[in-house]
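Below you'll find the structure I mean.
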Amino acid sequence: MTKLKYFLATFLLSVIYQLGSAQRFPAPEFESGHIPPETQTIAPRGLGWEYLDVAVLLLALSIMSWFVLKKRSRKGIFWTSIFSILYFGIIRVGCVCSVGSIGNVTLSLFQADYVIPVTMIAFFIIPLIFTILFGRTFCAGVCFMGAVQDLVNIRPVSLPSWVSKPLSVIPYIYLILAVLLAASGADFIICRYDPFIGFFRMNAPLGMLIFGAVILTLGIFVGRPYCRFLCPYGVLLSWMSKISFYHTTITPASCIQCKLCDNSCPIDAINKPVNIHPENSDKGRRRLISLFILLPVFIFLGGFVSSLLYKPLSTIHPTVKLAEEIKWEKENNKKTDSEESKTFHASGMQISQLFTDAGHVQTIFYAGTWLGGSLLGLFFGISLLRTSVVSRQTDYEPNRGSCVSCGKCFKYCPVQKQVAETDSKSGVI
Amino acid sequence: MNKRKKEKLTLTQPEKEIKRRDFLKKSLQAAGFLSLASVAGYFGLRKPTYDHPAKNPYELGLDSIGKITKEKYCDVSASMLKIPFETSKALAVDKDDNIYISGDKSILILSKEGKKITQFDTDITATALAIGDTEIIYAAFENHIATYSLAGELLKRWPSFKKESYITSLVITGTTIFIADAELEQVHEYRTDGTYLRSIGSKNKEQADCFILPSYFFDVAVAPDNRLWAANTGKHKLVSFSSEGKLSTYWGETSAAVEDFCGCCNPSHFAIMHDGSFITAEKGIVRVKKYNSTGKFECAIAGPEHFEASSTGLEIAINSENDILVLEPAVRKIHIFKI
Amino acid sequence: MSEKNIDTSKPKQPAKPINRRDFLKSGLRAAAFLSLASITGYSLTKSMSDDLVWQIDPNKCVQCGRCATTCVLNISAVKCMHIYKMCGYCDLCGGYFKPQVKNLDTAAENQLCPTKALKRSFIETPYYQYDVDQELCNGCGKCVKGCGAFGNGSLHLQINHNVCKNCNQCAISAVCPADAIIRIPSRKGYLLKTGFQVPKT
């Protein structure tokens, strides 16, 4: 009967599509002169809100950069982040955001018929440009997700590096995975698995609400768990920040190596001065060369290991998922009774066509996992190469890549206080 | 060269440790990557189970539409005759139980067993048929009537009533002929010689005898007591008239139950058996039902599973043995039900 | 390596590695700017030409109910649209009444719609007009299914552009079993069963 229902639905809809005589019940002619109304079609929202979002983003980034670099005021950073939560999080209900814009941009690059809204390009590019200029001031408090994590982080605990280093690999994997899945049209995992949006929308799958609660609870002790260990946009921002023109510093003037800021960073992003002899240049050069030789090996290994996963990854794509279901049906000689299966069988599409399409998608995933894995191998190789870079650091500096410019270290630096005192004494506010 | 050898320093202890720590960190990173890959691989390589698909919370159970329970069915034996027409419109039987069908711009006459007697062409497909006692075929062609002999010879063409008229049913009783005009929403009463008597059907929408016809389905029949019955499809009622053309009685209710009528315009066709009971045919939910002479539901002759879902134009005729003939144009058949 | 001459007048030697680093940094900055600019430029050339919105293809929809449950918004952006041109104005409306309705009135127990968004009003015998209150409609598709099964199919689901957030991936399109949710240029307006209709502003 259900099959009949589906057949009926498709058959009837195709019949009814021709107006008038083919209709089951003919359109009436009203004797009372009643005129049937027009089908109600509501005009779309104006784009005013979205352009306002971009303007507010620019404004907030500018103000934040000023607070971080010029004014060096933790209070300013804090209140700007409150404003971000209020505007981007509560008023605009957390969507659109720069983290999710990765999906839009990926789609725009890989799908010829997708048109990215101008505001989305703005949300993707503007924080990156500000980061090249000023460092990760976006993360400080303009990103409402970072701001929320900062708010709950009342008892920061330092993580040992054997925990934080492996975990910090995840954002790279997340980024590569997100780009691969978005480019192949499978899924948009950044938006789907955003733990915070459910609270702002007050509507999310239960799993995501639990995940969000876990992250926030964790965030009480561990500083910014999403930013450090999950955020894929943070990968791009860390790259931009490493080559930024300006960057926040712990001290307003020069470092006096007093070590008072040693434990001040809630996310352990302070680079401490390194006290070693530069090693023998022979040994160093030999190691450097061997690492260069190993680089292609890492790339190949990364690609190879990732490509082993192309089949299960491809099942995220709806075409492949459906093909797997139909294949299961054929093997077990029964119907799954799911909506997808019923609709597929009622549509009259050839199973061979479905399998061809699924195979095509799997080819894309094969190429994508090879490429993505190679990139990950490349990143790993580069991170090893960087151990050969001699660090002549004598001062306490924020790590250019991972410092989120939250400014919580400012108050620990005595130089800050000294500068402030001399300023106030001399009458400069 | 010598100097280089001399300068080959041994790594000091803190340097070694830092190198070791660095290496450890990097290998932990690699281990992290590999473990994540294996976790992902495990979850990905598991076979999905398809035994419990998600339920639709807004599921609408359509199975009950038109469902007729077993006890509501009459005990009938069904058979059928095939007809050659692509589109057929009208059905009639004469006193000898010969079957007359109009379709594909012709009229076909079959014997009771279904053997072809004769077939002749007409200008357009007749929209209604009736056979007079004097072996004259009265055929309605949308807005006018023409009479034919049994051999197919055109006898007389009546003048049209109004250009817009659409005649959907004819019934002859004695010397009177009732013509159901679906466009003008009236039943015209004429003498068989062509004299106009009256038009039945009021314009007051509140009254039962005001015919509301949303579609071109309008059937009339004469009961054994010589009263005219007409189907007021828009109001889901069957209405009877006295010999003066005044409203007499009516019955019929609107609901989704099998005992009543639903849809925009039902019953699309009906006929009256020799004992006065009504046989109705509907479209939308295609079914044929039997009511007693006072309009009380008796049983269902055939339900939707007996017919094509989109069938319309189920003309009914009753032959001398009280067999029910139902024309189903969509599948080119005449169903014959014997109670 | 040759012996280093510690020359206080020329402190350039130790400066070399830093310059290399600076050069690398400038190169990377240039590369970053270039890639950002090219992404922006490429995306903008497409944006200037068009603007895509999500719409449901009403001929493919199977009324699975996921429009109501999967949209990220609290009340789904999918609403029922009534194509009055196609409606039969029936007394016993397949989309308004439950399948085995006893009395044809507006009592809640007779209605299909879980949110009472479908309104019934008398026009003239025997015609009734059915209107959809889009603010109450949650896009469940029950009325669509009923109208399609016992009616003309003049009710169908469609995405309301005033409510829809135009996500980069419509959550419903990912789970639609009939692949009925597609992107169309926004200038085409709404995809209705009778063709595209641009809303009056």
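Letters A, B and C mark the chains as written, and numbering starts fresh at 1 in each.
We take it that contacts are C-beta pairs under 8 Å (C-beta built on N, C-alpha and C of every residue); 3 or more make two chains touch, one makes a residue touch a chain.
These numbers come from a predicted model, not from an experiment.
Centrality by Cα centroid goes to chain C. Interface comparison, A-B against B-C: more C-beta pairs in contact at A-B. In this assembly, the C-alpha centroid of chain A lies 21 Å from the C-alpha centroid of chain C.
Centre-to-centre separation between chain A and chain B, using Cα means, comes to 56 Å.
Between chain B and chain C the centroid-to-centroid distance comes to 37 Å (mean Cα coordinates, whole Å).
In chain A, the positions touching at least two other chains are 5, 8, 12, 24-26, 28, 338-339.
In chain C, the residues that touch at least two other chains are 1, 63-64, 66, 88-90, 124, 127, 145, 149-150. Counting partners per residue, chain B has 4, 56, 62, 214, 263-264, 284 as the residues that reach two or more other chains. Interface residues of chain B, counted against chain A in their complex, comprise 4, 7-9, 11-12, 14-15, 18, 22, 24-26, 28-34, 36-37, 40-41, 43-45, 48, 50-51, 53-54, 56, 62-63, 214-215, 263-265, 283-284, 309-310. Residues 5-6, 8-9, 12-14, 16-17, 19, 23-28, 30-32, 34, 36-45, 95, 100, 103-105, 107-109, 113-118, 120-121, 124-125, 128-129, 132, 182, 187-188, 191-192, 197, 201-203, 239-240, 242-243, 245, 281, 318, 338-340, 342-344, 346-347, 390 of chain A touch chain C in their complex. Those residues of chain C that touch chain A in the shared complex are 1, 17, 25, 28-29, 32-33, 36, 39-40, 42-44, 46-47, 49-53, 58-59, 62-64, 66, 72-74, 81-90, 123-124, 127, 129, 131-132, 134, 145, 148-153, 160-162, 165-169, 171, 174, 177-179, 183, 186, 189-190, 192-194, 197-201. Chain A contributes residues 1, 5, 8, 11-12, 15, 24-26, 28, 161-162, 165-170, 173, 274-277, 279-280, 282, 305-306, 308-309, 311-313, 315, 324-325, 328-329, 336-339, 341, 376, 380, 383-384, 387 to its touches with chain B in the complex.
Across the interface of their complex, chain B is touched by residues 1, 3, 63-66, 68-69, 88-92, 94, 97, 99-104, 112, 114, 124-127, 140-142, 145-146, 149-150 of chain C.
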